[in-house]
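One structure is given here, and the rest of the page talks about it.
Going in written order, the chains are labelled A, B, C, D and E, and every chain counts its residues from 1.
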């Protein structure tokens, strides 16, 4: 088995005077979907932002593709092949859908084939191609954010709660799109509250609590073990 | 010792004028005391204060000068707005204020009080001298001025004086103070003047930025037989006159015009010290310095303000512009003005005002407005 | 007993040429919880915007207790008893959690124009606010600034504000989106409590089917801006059109 | 009691409390603590600008409304007193009539501006106020018959308030009407400031803060945003006009440069921002420091320039005539080092 | 009660007024010119006023172009722009004075070469100044309008004072190069030669800016960066460099504007740029933030209206710009052709 695309070693991150991440250890194997799970406020988003560089790590190491990126600026990390779908979607509200997508392409013009692929997954974006992104519905914004990250091939995707606000029909197309992405060889680190999505997509999983990763293992193992779910994340997943 | 406060706008947009005025004042004191800077054995102490061109600060500073520094006489400021705010302070502290070079008529007019003297010329003097220089039978004049008190008062005084010379005003044009494009104003003037008969002149009263003269001249007023006329200005501004050789008007000072020992000394000394000729406000500042020394000598000291005032009322003294006289009624210094014609001379990058004739102080009927 | 609180009458809005809400007529009775579902972009949030007045209607009417409120502004509608929680979190970021709720209660009690009394001397506001924070389990965070809260906690506060307003018509727009599985039930229980109060009506936009199944008395389906179905949950969910256009293939079968 | 007076809004920092106390003591005792007319004038100016800056902070710091018309209201108050005094003759009735009518005019104008233009985007509102303010300045310059135009108005105030009114000696200081005048200014300023402090800490103040944060949501929880904003504009205009009246009473001169100019507008803005927006106490600190700098920077530079006269270039840059440059540098540095204002900075220190 | 299976929202046709509305700003200039003709009557006066109004508009556009980038796109209220205009004028004029032989010669080629050198020098200096300004003064205050106003006013004061230190307090008068003096007369209308040059330069600048902003992503990156900088960086753009670059370009354009304006006025002062700021802001606002086309049209409208009104009713000239701004904002609260929404 090859080395993981991403590994975090003892990552500590402070936000203002708060000590949020308190030694996160995490590995994302190549070509796999790794789920990052946990209750509200345990530091999932902060972990993703630290990887992206939007919060800078106080100590610890971030190894990406064999390279230490802990101190690299945000844009350099992006150009090294990390795609990011933030929790708040990061839509440029005043730009049109098209312009948002164009900005997603950093290496060249928008590839028509790729565009077609994304529009077939998220047809609404095509309908509103020339409208201001700020006027999109909540779910449409979410689609745009995901599509923008996928508009060029990246080696690693960091995706924060992509299904929130998506209608069930779209959730399944989105899941399908993520699978295709994986089939193209990308690795994905996915934060998700919707457990059925997590179960359907995840290869492995990591559960966080209180700024640390408290459990890692195969997704199947977690899905099968209700006691474990209860212990790690509070309630049983099945009821909801 | 004799404490003199120079309260003026050292900093701000009129900084260049302020510097000239101050140099002039110092030269005046120096000349009048033969370089000793003492009057009747008493040392002159000069206190400088910067109004920053703000009326409220000017007022506070003058209070400070009279109240805290106990100055006997104050001189300044550059801007009329500041001067007007300062006038009541002189009255309150019962000390003399010599206004130089602020020009507004109302300083020696409705806002005047007995402690105020002015060595600088006032707007009417400017306007009337120009009227005397330009006027005559058969002359038809249009005016262009800024649309605020300064411009309107100036034109009013000019009109009054002009009518006495037999000339007529055909059109008055007022534009906003910050106008930069004079096309419309010029078109209006041309439209109004085109069909008139006679010697047609366009008289421009302008202070501050913008350069209507050059721009209107570029629109070829000679097509309509109109000549441009305007008053004198500081040396730097005379560059704009270079485009209009032959232009006539009246000026307050140009260093080559007055012929008298004081001016000779001033020009010589100024070249020595500053490597440049003295300018408009240098002459004014010097006149103020000379007036102070003369007045203190006559009053036998600076302590007694009433004696000073008495000495100064009606006092005639020598300045780089020849004799000046404080008129008794409003304490405005009567003085000569100079009718000039612009010439282009080798080695000078500006239009040189060459004397046509000196307009003596009796030739101008400057109204008294403080009653 | 089941009084009609809110009615919309051929409510329509057009953006340029796009008809986002297309002549939707419906009425909502007290003691009832209506789930509004539909694909993304169907016009659910826009429908809410029209009811609460954020967007002026192109045509049609909104009636509250039989009174036409179509021309009223947002604040006036709110004062008459329309309350709204937002899909995308929309709070006062640099005020504390407590102050956020206090502001709502102050508005409810019409104390906003008090110029010469001290805000902090109004104890009753603080007490009421704390009670609500306890209900949504945000009481420990009361002193924190909203901008420092995690996403899920902000969602809870969003709900808390609506509860503080205690309107006649509650409108929730995906209240549990992004909330973790152990937190969501707290909110859902709250909504159930409101519904139990027979004088209120609840409008709920949700994408989570289990939530709808457990709470809704009635489901409205919006599609392309138009009203596509309206009926009891079981019936509507079973209809072929809903299955195809909204639910799609269930995830587990993919 | 003190808490009540301060409306429960304590300085919340030891250093800040000290600074405020020192300022209060110095201002309260100015005629006796310092000698010279200049010092007294500076103290009066500080009092007036504290009120002016505080009223602007109500709008800017609490309401989040950027207006460039604040000097216009200041000017209305000042011209009110000036016009009344020049037409009714010197007298307390003229001062009263002038202040009241100036304030009423300010409120009416603020109401109009508020209702008509608070609906547009913040930055455009700022531009509209700029336009209205410059239009008023043009009017003042045009109607020179009434307003004195660019030259302004000089008038007399009741004899009781001038230095001609000598009332004996106290603690080695001549008590004159001027000192009486100073205490009039000081007391009025103190009351107005405490009033503003109360307003920003009232329920109304809280709503303003909420609107500043998120007007959309404030509307959605039942606050009629336009009315609150308009109310804030009117209140702050009224207080600014009263500050203007005080200034006119103190100065006995009113002109466009002293009350209406954009430069003063910027000064106020700087006072509020340096001091700390949305804190009220910031206005006190900001105004005091700014006026002191404006008054004494030149003197300071004079001595600095002499002290460094041996060095090359330095004395040129420290030449008192270049004081404006250092004021500019001060603008930049203060925003740089006090991003949350001095008050914000002091409170932070305590928090950490 | 059926659902369309292909989730397609309903679209109605755009009404005629909607479509006309889009083209309206462009038509406004000819409309104003025709109205001017009707009101003025005399063809030669009208021609003079129209041509010089358009030329004045071009000059205003040159000065406003840099502000459209910095204020419109980057959302930075930069009063320093005024100082850059002044510095541009002083540098340019100094070069022209030094090249007195070239400007004094009656050769169009030499004259133009001198102007070109002056422009290049001015743009280089103001560009460099802009670079320093961005790094030291503006960088900490992106996104905070009030602080921008304060620091940039601070910067403005400092630069103006430095002009005093370097060039002295006197205003400097300068005569135009020999071949650009005077006017050409055509159909009874006299037209300053210099204004014709300004028209040429303005047009070239307009087309160049349009091309750059249309053909590259720079405009998009800047707009997106203003809204959400961290996200733009997370997409892989070095936002800092783009911002700095745009700021330098804006400052250099101010320098160009300064040279042009200085030569028009024939007298330069440290405060000359500051005096133009309100007008320049008005143009950027009525055009719609971030829009080069809007600023261009806005500048022409200002130039024309000023001239017509000053001819017809000089009293109203004082308020013509303010009235224009208010009217346009009432008609289009975001300005005529907004690219960026106002905050």
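Following the convention adopted for this analysis, a residue touches a chain if its C-beta (ideal position, glycine included) is under 8 Å from a C-beta of that chain, and two chains touch if they have at least 3 such contacts.
Chain by chain, the UniProt names read as follows: A, C = Branched-chain amino acid ABC transporter ATP-binding protein; D, E = Branched-chain amino acid ABC transporter permease.
Worth saying up front: this structure is predicted, and the values here are computed from it rather than measured.
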item	value
Fewest touching-chain hops separating subunit A from subunit E	1
Most remote chain, CA-based centroid, reference being subunit D	A
Maximum centroid distance from subunit E, chain identifier (CA atoms)	C
Whole-Å gap separating subunit B and subunit D, where each centre is the average of the chain's CA atoms	36
Chain centre separation (subunit A, subunit D; CA means) in Å	52
Geometric centre distance via CA averages, subunit C-subunit A, whole Å	28
Whole-Å gap between the CA centroids of subunit A and subunit B	77
Residue list for subunit B, restricted to those that touch at least two other chains	15, 147
Residue numbers of subunit E (touch at least two other chains)	7-9, 164, 318, 341
Multi-chain contact residues (two or more partners), subunit A	124
Complex contacts: residues of subunit E adjacent to subunit A	7-9, 217, 220-221, 223-224, 227-228, 230-239, 340-341
Complex contact set, residues of subunit B against subunit D	10-11, 15, 50, 52-56, 59-61, 63-64, 67-68, 80-81, 84-85, 87-88, 92, 104, 106, 111, 147-150, 152, 177
Residues of subunit D touching subunit B in the complex	35-38, 41-42, 45, 141-142, 144, 148-152, 154, 156, 162-164, 251-253, 255-258, 298, 320-324
Residue ranges of subunit A in contact with subunit C within the complex	15-16, 18, 38-41, 45, 87-88, 124, 135-140, 142-143, 161, 164-173, 175-176, 193, 195-197, 200, 233-235, 237, 239-240
In the complex, subunit C residues that touch subunit D	52, 54, 73-76, 78-79, 84, 86, 90-95, 99, 102-104, 106-108, 111-122, 161, 165
